[in-house]
């Protein structure tokens, strides 16, 4: 997609109508993230979020080896995240770290805040930041050979860019969540499917990507008013009580029901043809 | 049950002591719901909630074809829910829709608010409202051939009667929840069991219903003080922090432990006989 | 461990560096709990929580027959919990029960509040309080023959020491949670694994205990700053929104990143040797 | 107003366009409440809530002596609220009381849930239930001679119909709130004004009522879309975080801004004339 | 009171039936707190909380000069609170500080958790910890000459023992709260009354103490079931939504209404005599 | 301040060390806001938030006539906020409005998110957006002649940029908050002081500004670690329970106490001289 051509670390294509395919594009480094990349990630997803030509997004890694190997540790040791500035006291170091972490978190959260559904297609090495990022996606699909790990404790860290906040809400078994977070052990695609971290596993990266793009196209064929409302309300539900959620969806739909998509969908349902929906 | 004879769209029987069996009773229309039905649903469950002769409820659909096919779209297009009144501005339409949705939600929530455990036996077509309603039930059991779908996006809607509020709290895999809500695709009983949406699958509607009634009878044989307290506290737990829940169950049980059911249960346990419990 | 020698109902050993193994030690009574035991449980875990020589804890039951058979009902009938004092009015009984329950809850919650990860190895009879306690542990592992049950409704009670507060947050399927809580039926280790209540099942108590101790040793070899931060933040996540969790982990790590464990871990990672971490 | 003529304990008049004046109408008993009255109160306010001819409500007591003297204790001793049924155990008594209290609370909360602003004009004896009810109102105005008290502890009760839930959110000084709730002492209109419980005090009931009606007329002359949205959002704000409130008002106004009231108000503002707004 | 004789830093007397008067008793040091004192404070209030002979507590400082001058900074510089251990990294220092602060907070919170109402009588120097502690009390009364300050920023600290958590919920004007917390400026009793931090100001310490003891006696003459329920529910209200509070008070009163205090109060009300209530 | 010279609608000066004075600078239009202005406001405050040379900020309006007259209604009617795009359905209009409102809210919230304390000096016309903005400030000071109003209902709107979210948490009297929001009536500086909306009133704009700058200088002379921690924790307190706040301030201070500001403050306190603090 031409209007996404300026990005250095992300390749954005439109393989089908209303579908964007975003690739993390630093394959020579196993798509490991340095600071410039997460800043760019936010730019990409803020743009997709309001792009009327995009109704569903697929996110994968460039190359065969990795979705992402996570943080580029070498770079992080230099930019201050893993090597807090010397010569200032503990409180001042903490203030810098807080700001740094907060900005990093906001960049990754842009995937969750994107108004359009995001399907993460995980493959190859998918560790550390791969879990943070994919927890922000709506649907997770994996290829069979994916190697997952919540890797942070192995470098002396409690994961702070979102994994610990979101993984317990994305997977039902808290025993499993704690096990993989406290041990940093690998887990396979099969295990990820069994506990519900991913909802589909496919034979290869290609097959997983095909499935992801197909799902994206399918979603893109639905009413964008309905789809984007569903995403928003489900995310709201995760963090609020049932009573609050019922109230929220009620006022949301008070506007959303004033759409021409409902009659369009009903009519085409009766006529057994595909409906067309206005841009959103 | 004679005192439930006046209902038009719901058949209520008592197949076993302290057990009520409620059937959604509009089989010629696949048990699809129109407004009069959800208003009646509330009446039924508000009555069951305080009926001392009822200790457990089974909810299923009349006929072999469907638990329910969901909203009667044709009727909804006429009563204003799907066809907001013309000639008024967007804010005024929204006010009407909000009231309409809120009342609809309250009717469905009456299944959750019923003080007695409700076991939903799902079978045949179980789409749209079937998910909203069964998410309000305590236990979900399905027959093998059940065809489930969160159907709302297919008619241009974000589901607003409870599915989006409750499904993420009823099933552990958020990836799966988003997948079925964003695509409106069908899912089978086997898949529903695998992700934990239902906790049992049986060979046929008859077998599933038998299992549901047996479970209801079993629950009805226990102390109603213990059973109804357990339901209430589990629902409270879903929406509050662990600390709040511990505090809540403590004050709840401060009254509930003053029951004769505890000595009755303990005594009959020692004497290897069935205890009898006072009405509640 | 000598400094834990004074406990009457708990045996504490250190089978590996930085690992504590706690056994519930009343095997002649199936490790059933009386009041003195839960008071002692709190003392044990408050001590482990701040013991710099302990980095991971395994909790199991002494003997082959039971993790624990739960509350010692006979004793509870005498100490007032199940037999509220006569001769005072309902409000005054309630006040005593509230205090009693609150103290009991705090004792069991000490397992959750222990700053070090706790791995519960479940085996044999694991009912009632076994569920309350193991829900406070971080990871649950079971031997194949374990017999689980949320037993409280069978003695006329809604479980109030933590099961109803924590089980819905530990297991993804709310239908299953309600089924086992409302019926008090037994469930097997295989079922517990399938729904995610435990994350591993082993052939025998010995094998499960070995696996638990091995996991504890593995966790104990990691940075204690990283491990203890991960436990704390995951427990915070369970009870707060994603936004609150991101903010919390950010300020937590603003201090935690000022550790020598990060450079130690990175350096030893590059040098392919085991890092050593300072006490915490 | 003719369509409110059927009520026994409430007189409803329309002293000005779009203004309803509701009087608690049992002056011979100091407007004390019995069960039939709070059930009727709910009916009145549910009707006002959706009545397009009503845009603001004034609530006062009939007669000169009292807004209300609170609960009709004699009746309450008979209907079970203050005299729980004998012959059943403590848990069963508790269940009845819970239901009874919950229904009573819902009736009083109908004043808060009324979509139109409610101005309580307090005068004379305004104790017990007078506080519960007026805390549900949006604005509180008093006459100089009003005698207030949170009276419940004097009859052995912690107030449970709303005072303890709402008073700390209605008045800023928690020390004062605790003082009047724990001592049940009287407080004057002047004191009520000083702490902010009421926002205006007038010389007499007549003057207070005039001020209330004038304020109601003034509010009724504004855009009902704006006024009713303001009420809803302020009540939401009381119980949620700032972040949640900002999100909520954003989606609320996404529909509300699609009103013709905005251009109508702007236009009439420029033309220095009174705008007219469509019914809502 | 003899059974409180063993305390070193607190003098406990019973100047009236069911009333305890606690004095912070280190007048030679302006009642400044060292660690042993806050540990003892907790012991005192945990004992008062369940002492059936106590129904209301007054808390003041011994001597004429101060309620308390706050933290004994000299001691704090030695015990680690203000002088974190050297020779360990920032993360390990943080862990120690967290534990230290948490224990300190729990000690102070024991005043809030005391089941009986606590009236703080403030006088003389009332700075730093004086605000933390008195925010935990239910009612605050001051003598005219009291000099208040939230002093922490003056020693380089954000107050962490409760002032910042509770002051915004105790006083309505957030502008004033921020002003006194950010500037550490003194404020007078008159100003404290005007903003609602205290609810009464008296001419002298003696007069304030008399008023406090009189209020305590008055409260102690009421039903302890009603009074203690009122305290508990008001504290719950501060931290929860109105809906949650209504639900909580409903289940609380389901037990509390089963008291003989209600008929005792009603009967003595009719007979114009003082009721007597059973111990609690 | 030179590095703030590029702003068009805001003048930023540094009248004292570590103090920034921001003026809303469109006096010919009564400082009314158009979209470019709120976007710029965010830039200004995001810069101040991390500027180590700024420790306190004063915000006022340029010229004598107004702090701000609020939204530039004429411009808003053109940019879409008050005149939603024609030709699309209600749902699509709502989506645009939601985004527009959210961005507007974020801009205004930047005043609250600024890590340094902000003192709003209100004067002249201070209506509509003046309330939204000043509610984000930490301290509010007014000149005697200030004319305040929550003006939104007068143009058919429920205020959505923050007033309804924050005013109930900034002022204790909910009756007063509702009165001024529902009627849009003016209120004076004296009334604002009485209810606690502002914490100081001065004779003139000049005097108020002097007081604001003096307070800012005073705050800027304190430890920035202490001051900025106090602001952050107080804002957290407003939106969380006491328990959550205690936990939060504990982990915050675990890093913040590792500052050299504490010994610096203590030492200079003993030596009766002004301490110097490192930049933050």
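Each chain carries a letter (A, B, C, D, E and F) given by its place in the written order, and its residues are counted from 1.
As a working rule, contacts are C-beta pairs under 8 Å (C-beta built on N, C-alpha and C of every residue); 3 or more make two chains touch, one makes a residue touch a chain.
All figures in this text were calculated on a predicted structure; none of them were measured in a lab.
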{"item": "Partner chains shared by chain D and chain F (touch criterion as defined above)", "value": "A, B, C, E"}
{"item": "Which of A-F and D-E has more C-beta contact pairs", "value": "D-E"}
{"item": "Interface numbering overlap (same over half, different under half) for chain B and chain C", "value": "different"}
{"item": "Centroid distance [mean C-alpha coordinates] between chain F and chain E, Å", "value": "33"}
{"item": "CA centroid of chain C to CA centroid of chain D, Å", "value": "48"}
{"item": "Touching two or more other chains - residue numbers and ranges from chain D", "value": "90, 93-95, 169, 171-173, 195-196, 225, 238, 240, 243, 251-252, 254-259, 261"}
{"item": "Chain contact graph, described as a line, ring, star, complete graph or other shape", "value": "complete"}
{"item": "Touching residues on chain F, where the partner in the complex is chain C", "value": "240, 244, 248, 251-252, 254-255, 258"}
{"item": "Of chain E, residues touching chain A in the complex", "value": "90, 93-94, 243"}
{"item": "Residue ranges of chain E in contact with chain D within the complex", "value": "117, 138-140, 169-173, 195-200, 215, 218-219, 222-223, 225-227, 229-234, 237-238, 241-243, 245-247, 249-259, 261-266, 269, 277"}
{"item": "Touching residues (chain side chain C, partner chain B) in the complex", "value": "73, 77, 81-84, 90, 93-95, 97-98, 101-102, 105, 109, 112, 152-160, 162, 164-169, 171-179, 181-185, 195-196, 238-240"}
{"item": "Residues of chain F that touch chain A when the two form their complex", "value": "50, 88-95, 99, 225, 228, 255-261, 278, 280"}
